Amino acid sequence: DRPLTVISGPCQLETLDHALMIAETLKEACSAVGANFVFKASYDKANRTSLTGRRGPGMAAGLDILSEVRNRVGCPVLTDVHTADQCTLVAQAVDVLQIPAFLCRQTDLLLAAGESDSVVNIKKGQFLAPWDMANVAAKVESTGNRKILLTERGNSFGYNTLVADMRSLPQMAKTGYPVVMDATHAVQQPGGLGGASGGQREFAPVMARAAVSLGISSVFIETHEAPDTAPSDGPNMIPLSEMPQLLSTLMALDAIAKATPVRL
Amino acid sequence: DRPLTVISGPCQLETLDHALMIAETLKEACSAVGANFVFKASYDKANRTSLTGRRGPGMAAGLDILSEVRNRVGCPVLTDVHTADQCTLVAQAVDVLQIPAFLCRQTDLLLAAGESDSVVNIKKGQFLAPWDMANVAAKVESTGNRKILLTERGNSFGYNTLVADMRSLPQMAKTGYPVVMDATHAVQQPGGLGGASGGQREFAPVMARAAVSLGISSVFIETHEAPDTAPSDGPNMIPLSEMPQLLSTLMALDAIAKATPVRL
Amino acid sequence: DRPLTVISGPCQLETLDHALMIAETLKEACSAVGANFVFKASYDKANRTSLTGRRGPGMAAGLDILSEVRNRVGCPVLTDVHTADQCTLVAQAVDVLQIPAFLCRQTDLLLAAGESDSVVNIKKGQFLAPWDMANVAAKVESTGNRKILLTERGNSFGYNTLVADMRSLPQMAKTGYPVVMDATHAVQQPGGLGGASGGQREFAPVMARAAVSLGISSVFIETHEAPDTAPSDGPNMIPLSEMPQLLSTLMALDAIAKATPVRL
Amino acid sequence: DRPLTVISGPCQLETLDHALMIAETLKEACSAVGANFVFKASYDKANRTSLTGRRGPGMAAGLDILSEVRNRVGCPVLTDVHTADQCTLVAQAVDVLQIPAFLCRQTDLLLAAGESDSVVNIKKGQFLAPWDMANVAAKVESTGNRKILLTERGNSFGYNTLVADMRSLPQMAKTGYPVVMDATHAVQQPGGLGGASGGQREFAPVMARAAVSLGISSVFIETHEAPDTAPSDGPNMIPLSEMPQLLSTLMALDAIAKATPVRL
């Protein structure tokens, strides 16, 4: 019932200055409309479409940047982990460990993330039904850690296309865990550019608005000041300059949605 | 930019008294929240899952009921047509001719509906992409009739399941025609009960809210005072008693959505 | 258990000479390998993607051509019907009435086709599960006509794409009716060319071979001597000159498949 | 152009005696029909639907069993790897490293598998298009290792269901690498039993026959002497006693298919 949380940042970490600039801008935009803010960025894109895609600064350098953002901007920080042995170290630098969608059934990774005692945000695989996430969450729960978020980011729909089923959000909420809409990955076109994923940036606000109108906990939106030259996920990131207007609309929808929430 | 139009009524016509009761109730509920209202009901369910499904009162008796509703309640009326030769006669009794989703590519039916000079609401086939509807609308346009509505009612998604892609609404709006979200058919489970279609009534408000948050023209919601005993589509109709609350939420979302509409 | 039947011909009727040429060529090719042959062509393409697509010679002229082919070539003839009132007349000129996939749930059409006492070939809708066809066939059966064929022609799979599920063939065969694989429509890309459907002609033999290896009754393959200039479905038709080699492979696979048929 | 290779064995390793029994039985059945044989079993099911699913004997014990099978039965052995650091050790015990479908985009795993200099069998993710596998294979190729196999095991098709697109096999073969049909995983129903995956064992021969009729390199079929009590994937495994008949049919189809192979 609390106001919307906005998980946002660039897809991939670049430099400390870049991360700070984006985090400061977003923190201010969220404050202006009364939203909570969590900074998101990845230190390693471990599953690029193609070997030539840029992967990021790597774990050591990336965690340094994320720690700095957390300290200087004063906001919680989220990043994704890829193997069980990364969890302990990453959990020291960030507040939320994110399980990538492709890895959401890897038992050892889920257990290690749970044992880190961080918040764990699990992205629903493009190949899973919403109700399958109860089994996934139970793997983390088995460690005694119940600080779990469940994120919708689209389902496989034919080839090179995803579709976001809005039923997924209240369905996953039946677990009792907060649900998140990943508005920018849900409009990815996986592999759609041959050697890279395409995306439909223009539809990301559609996904965010539709989901927020249901009364969800959080929206996840990747952003960049110049998406067309970003090292990854440019086609689906929202320009940073458009975030304030979008957040303002989302907060207005959120207030109405949470006054009469959808309950299954 | 006008306030939301609500196209609503029972799936299938039963008696005149029943139609009047539902139309009156809905008209009042729409007035209370400032929504436009169009009454919807079918005189013939021409494509039931099974031969044993009830089809309705037939065209002659059905059009009599629809005319009476229009006159006595003072609201526009919508019904669906199934063959080209029905269009002229039906157009005399109702305000909007609806093209069923399965028939949305039948050229002769589209031309006849266009030539009736009624408003024509075309439901997007479960097998069509949103952009394919430009070709469909062009068939009606060729008759000189540009009073066209385009309705999303879900896409095939595996077997016995539909998924509603929210991108479809702004995509279809690029044609310049008003778009409608059919919130109750989008949660059908075609053939899901073996000899009849199932449905997930609990998700119809999800579809309506998500769509309205984008700033669409109209929402289509089938309703019944006792859905579980309705002659068709009971599993996905919303109880009539729940409509006022839902409409109130939708109108609040509509006001925000239309202040900052999604434009492609 | 009889040898494979090949239902083949051009998508759309052109001239009598053209129809005779194709029918003669196919009859000879089928005889050469021991396959049964049914000639197929349409007199009206009633659901073209776009209004500008050519529809064919119309019913009167088309039935004249089909009758002539039947008489002169001495083969059974199949064509599709679009409204209930066409069935009686069409049934006088041809041996098999075909129900188009989009229309496979239209009760009146199925009943009229059944009452004609012709063989009725029902194409499974792109929006139906294989098991849903039992309800569809029951509509025809209710007329006392059990001369029914059930055809797989692909399911909706995301946008502008079909996928053919090979499980569908033995699943539909559980009805007891012969099943047909439509190898050329299963590789259509509906709406894939914007104003027309695209197709992947190169995969039609894939569909035919895969299906025949299961021991089905018939394969449906549209063909043309110059597919790239054909008035409809050119992108997915197989060149006539490639039919003899394909039929030879199919008959060899058919012999093995029917020695150890798949049974559910 | 060589005769079909059969990759087969139980889903999950149980005991050495059990593995030897199955390997011996399969080797004999393959020899009887002239097929090549590769033994397959997993030492760790690392992504079970539910935490309570049995995972297997673990890497150390599992590799001991696999080595013993290889030595005593005299057949190549395949198993799957889950993290980059497993590859070197596993490659000493087996002939083929298999990349699980969920992990087919994990760059580090693909590179480590390539560097092991083993044959690498990559299962296509349920979320990938066939043409996307060229990028995946290129990650392994970048290590200088071109001993690559590409396996179809079904695509996401709505919820809890897969569909196997037969076009995928010739499409992937355009890479130049041998393609494999995984006939038993393609009929899985992921999550279909709530806490475990269901399956449609009766359709596994459908998938195998259809694929082999196209002239593929290999078929992958999990089998067990008592599938209903197997520790994993029982619902989709074929009973061991049915393998000889199936292999006989497949070899007959293979001979015809490879006489006139499908080429794109």
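Per-chain residue numbering starts at 1, and chain names A, B, C and D are given in the order in which the chains are listed.
Basically, a residue touches a chain if its C-beta (ideal position, glycine included) is under 8 Å from a C-beta of that chain, and two chains touch if they have at least 3 such contacts.
All values derive from a computational prediction rather than experimental measurement.
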Of all the other chains, whose mean CA position lies farthest from chain D? B
If you average the CA atoms of chain C and of chain D, how far apart do the two points sit, in angstrom? 35
Where the centres are mean C-alpha positions, what is the separation of chain A from chain D, in Å? 33
Geometric centre distance via CA averages, chain C-chain A, whole Å: 48
Where in chain D do residues touch at least two different other chains? 155, 157, 159, 163
Indicate which of the five shapes (line, ring, star, complete, other) describes how the chains touch one another. complete
Interface residues, chain C side, partner chain B - complex: 46-51, 55, 82-84, 102-103, 105-108, 125-132, 135, 138-139, 142, 155-156, 159-160, 190-191, 195
Once bound in the complex, which stretches of chain C touch chain D? 155, 157, 163-167, 169-170, 187, 200, 202-203, 205-207, 209-214, 245, 248-249, 252-253, 256-257, 259-260, 262, 264
List of chain B residues in touch with chain D within their complex: 157-159, 161, 163
